[in-house]
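Both complexes below contain chain A, partnered by chain B and then by chain C.
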Partner chain A sequence: MTDQFAYPADREKSSADRVAALEHLLIEKGVITAATVEKVLSYFESEMTPLNGKKIVVKAWTDPDFAARVVDDTPAALAELDLPEGMAGAEGEHLQAVANVPGVHNVVICTLCSCFPWPVLGLPPYWYKDPVFRARAAREPRTVLAEVGVALPEDTEIKVWDSSGHSRWFVIPERPSGTEDLTDAELMDLVTTESMIGVALAGQPA
Partner chain B sequence: MKLQHNLGGLEGLPQPLTLEKRVFVEEWEKRIFGIHVAMMGLSNHLGSALPEYPIAEVPTAFRDEWTWADLRTGAEAMNPFDYFKFRYYEKWLGGITQFFIDKGYVSEDELAAAVGAAAPSPDGAGDAIDDQVIDYLRRGDSPRRDVAHPRFAVGQKVRITDVPAGAHTRLPGYLRARTGTVQRIFEGDYGYFVETGDGIGDPMPIYIVEFTPHELWGVRAEPGANTLYAELFEAYLQPVEENQ
Partner chain C sequence: MTLHSTCTTDQAAPSFDHEWQRRAFGLALALSEFGHYPWSEFQQSLIDTIGAWETSTDPGRGEWQYYDHWVSALEHVVKQRELLTKPLATDDGDHAVADDHH
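On to the complex of A and B.
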């Protein structure tokens, strides 16, 4: 057992070398081009970012009819907004929003892998993919939420959504109180990736 | 039984949880992510996907199928100690590299020889490859094939199957043999990338099934008003009556 969890001293360098060698060979052999990886990364850095989710949430906060529609038929509601082309693209083919309301708090998990609504939130942060989070949030969501700073009233129902099918889920967090006078841009600053998965409240420091 | 199929609810794990909010913690991780997405966007199955991509006309040397099912099958095949030991993208790097070796695209010797080689500069050649990858990202690969033909109704009690899991499953282990209530039927029938051997693959309805913590965890359930909803293919559901 002693060396079961021993890592090589050059752990990161050997991975970096190996992936660079692999990419080099794939380019040389015509599988991908010298620009493919950069173009993929750029797609996620420039277009499919949490900004899309923030826009969706703020629209829901400021338009009660939209708030109802986005839960009812998420793809149709998103199509109303000025979002990048591709919201129904990879990992957005079947988006599904759930809304937090007083007394109900939603959390999205994926116990089998890391299903995540790419077009809405970009790529998943490491915590979402962490086996410890995935294991614990299924059984003890209230404890996990308290550990990360979300202390919910005892009578608040926690709904945990395990993404084992075709849908990619995200959460419309509750609008914080005292934000009536904020502009849309100011409201967007209150929304984080974590709040759109349910492990933070909107308005909590990121 | 595989740990990876039974992660949900595993006890004795470290507390408290801290949230690593970065998507990539090392620069090299971005490269393997990009390679994986390129493989998905160039996968030969996309020729018969929805939408149908002109994949046979794309000037790539990649001629295999690569989907989430392949990546997941690899992760589920790992030694469970390694599954916990290695970070997310370390697992991807191992699985994807092995795929390219197994399929004869690259060899270990070539990989060793390519370490430190200067990165080729983009020259615009093969732009159609990149265009296909980005087109895949924008248009996706929906598993929906038809309207729903559901066997179960909203409100119906169902027992989750407990058939042996193969190399890959979409049935979380903690739900096996548990009883829940159908909360929603999705509008379509949905296929899965591969036949997993435990019932999914061909298009079928998908349900949201609601479970109480007590049903899932018994006396070890966390106190409080919690509900767990799982999204499950119809093959994983059985009517309760059949089991009584």
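On to the complex of A and C.
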């Protein structure tokens, strides 16, 4: 897979130059400052991370009423939680949770532009943005899931959710069995970004 | 099993492969956050850019590289909004003052 994504050095430099030139002009014209860009980036990098998604999933695992509400009206349910300011900002305003239950497994893709629920999952892994992954996951999700180690029973329905400007889907994975005695912190360790995209199951307790 | 060695997304922060990708990301986000365009407009520009690449039959269209599309989409919105030719007045906090685009 890596070779396919080999990146020519000259193109790399060209892209870097384009960004530098654009930023330089925007600063020179007084549209924005470097400090502002850095401030936004820092906030994003420190607050808009998968930690938010983990908190949401664990809350859903431990509070059945919340589990129902988060699927029914995701933004309203998230507003109940102590999550960072700005959750409703870029890419967050149309968050929509879907829950895995016995017999139904959800997978999130984006065939348009790789929109991603940043506020709850952070930045997408780069394979998520790969057209081959997106196309195959839409066409043959069961095969793709099996390839990445999620072998689902034949009678399990797979629902593929295509993110868009209007709905940024994320998955509430099933709570693993044998986790009744775990603390919230221990449960959070079992929730991975992959499991919230639906390309993995939640981890098993050690 | 993971999809790829880079698929270790449980770290607490998002990561970029290159600093220019980070800057491009930050610029697009900051310009939107500070009122120069609604996020949906950048989103649509990105959709259009990627759509054009995916439907292109030009053998010279180049390999897939997500952040190249991101940069193109950003350049497009900056041009559409005439941010470089007619910069909006900003207040002391870098926020764009209300303009007639909205």
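Assume the second predicted complex is superposed on the first by the 192 of 206 C-alpha atoms of A that agree within 3 Å, B and C clash if a C-alpha of one lies under 4 Å from a C-alpha of the other, contacts with A are read in each partner's own complex, and residues count from 1 in each chain.
Convention: a contact is a pair of C-beta atoms (placed from the backbone, for glycine too) under 8 Å apart; a residue touches a chain by one contact, two chains touch by 3 or more.
Note that the structure is predicted; figures quoted are calculated from it, not measured.
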Quiz item: When the two structures are laid over each other on chain A, do chain B and chain C clash or fit?
Solution: clash
Quiz item: In the superposed arrangement, does A:Lys29 touch chain B (first), chain C (second), both or neither?
Solution: both
Quiz prompt | Partner chain(s) touched by A:Lys129 [first = chain B, second = chain C, both, neither] | solution = both
Quiz item: Which of the two partners, first being chain B and second being chain C, lies in contact with A:Glu140: first, second, both, or neither?
Solution: first
Quiz prompt | Touched partner set for A:Ala16, first chain B, second chain C, both or neither | solution = both
Exercise. Would you sort A:Ser46 into first (chain B), second (chain C), both or neither based on which partner it touches?
Key: second
Practice problem: Applying the touch criterion given at the start, work out whether A:Val199 contacts chain B, chain C, both or neither, answering first, second, both or neither. | Solution: both
Exercise. May I ask you to name which of chain B and chain C touches more residues of chain A?
Key: B
Self-check item: Touching both chain C and chain B, counted on chain A across the two superposed complexes
Solution: 5, 7, 12, 15-16, 18-20, 22-23, 25-26, 29-33, 36-41, 48, 89-91, 112-114, 122-127, 129-131, 133, 148, 165, 193-194, 199
Quiz item: Inside the complex, what are the residues of chain A that reach chain C?
Solution: 1-2, 5, 7-8, 11-12, 15-16, 18-20, 22-23, 25-26, 29-33, 36-41, 44-46, 48-51, 89-91, 112-115, 118, 121-127, 129-131, 133, 148-149, 165, 192-194, 199-200
Self-check item: Residue numbers on chain A that touch chain B, as the complex places them
Solution: 4-5, 7, 12, 15-41, 43, 48, 85-86, 88-94, 109, 111-114, 122-127, 129-136, 138-144, 147-148, 154-167, 193-194, 199, 206
Quiz item: In the complex of these two chains, what residues of chain C are touching chain A?
Solution: 1-4, 6-7, 9-10, 12-20, 22-27, 29-34, 36, 39-40, 43-44, 46-47, 50-51, 54, 62-68, 71, 74-75, 78, 83-84, 87-88, 90, 94
Practice problem: Name, in rising order, each residue of chain B that touches chain A in their complex. | Solution: 4-5, 7-11, 13-23, 25-28, 30-35, 37-38, 40-42, 59-62, 68, 72, 75, 81, 83-85, 87-88, 90, 93, 96-97, 100, 105-106, 110-112, 114-117, 119-123, 125-127, 129-130, 133-134, 136-144, 169-172, 174, 186, 190, 206, 213, 216-217, 220-222, 224-233
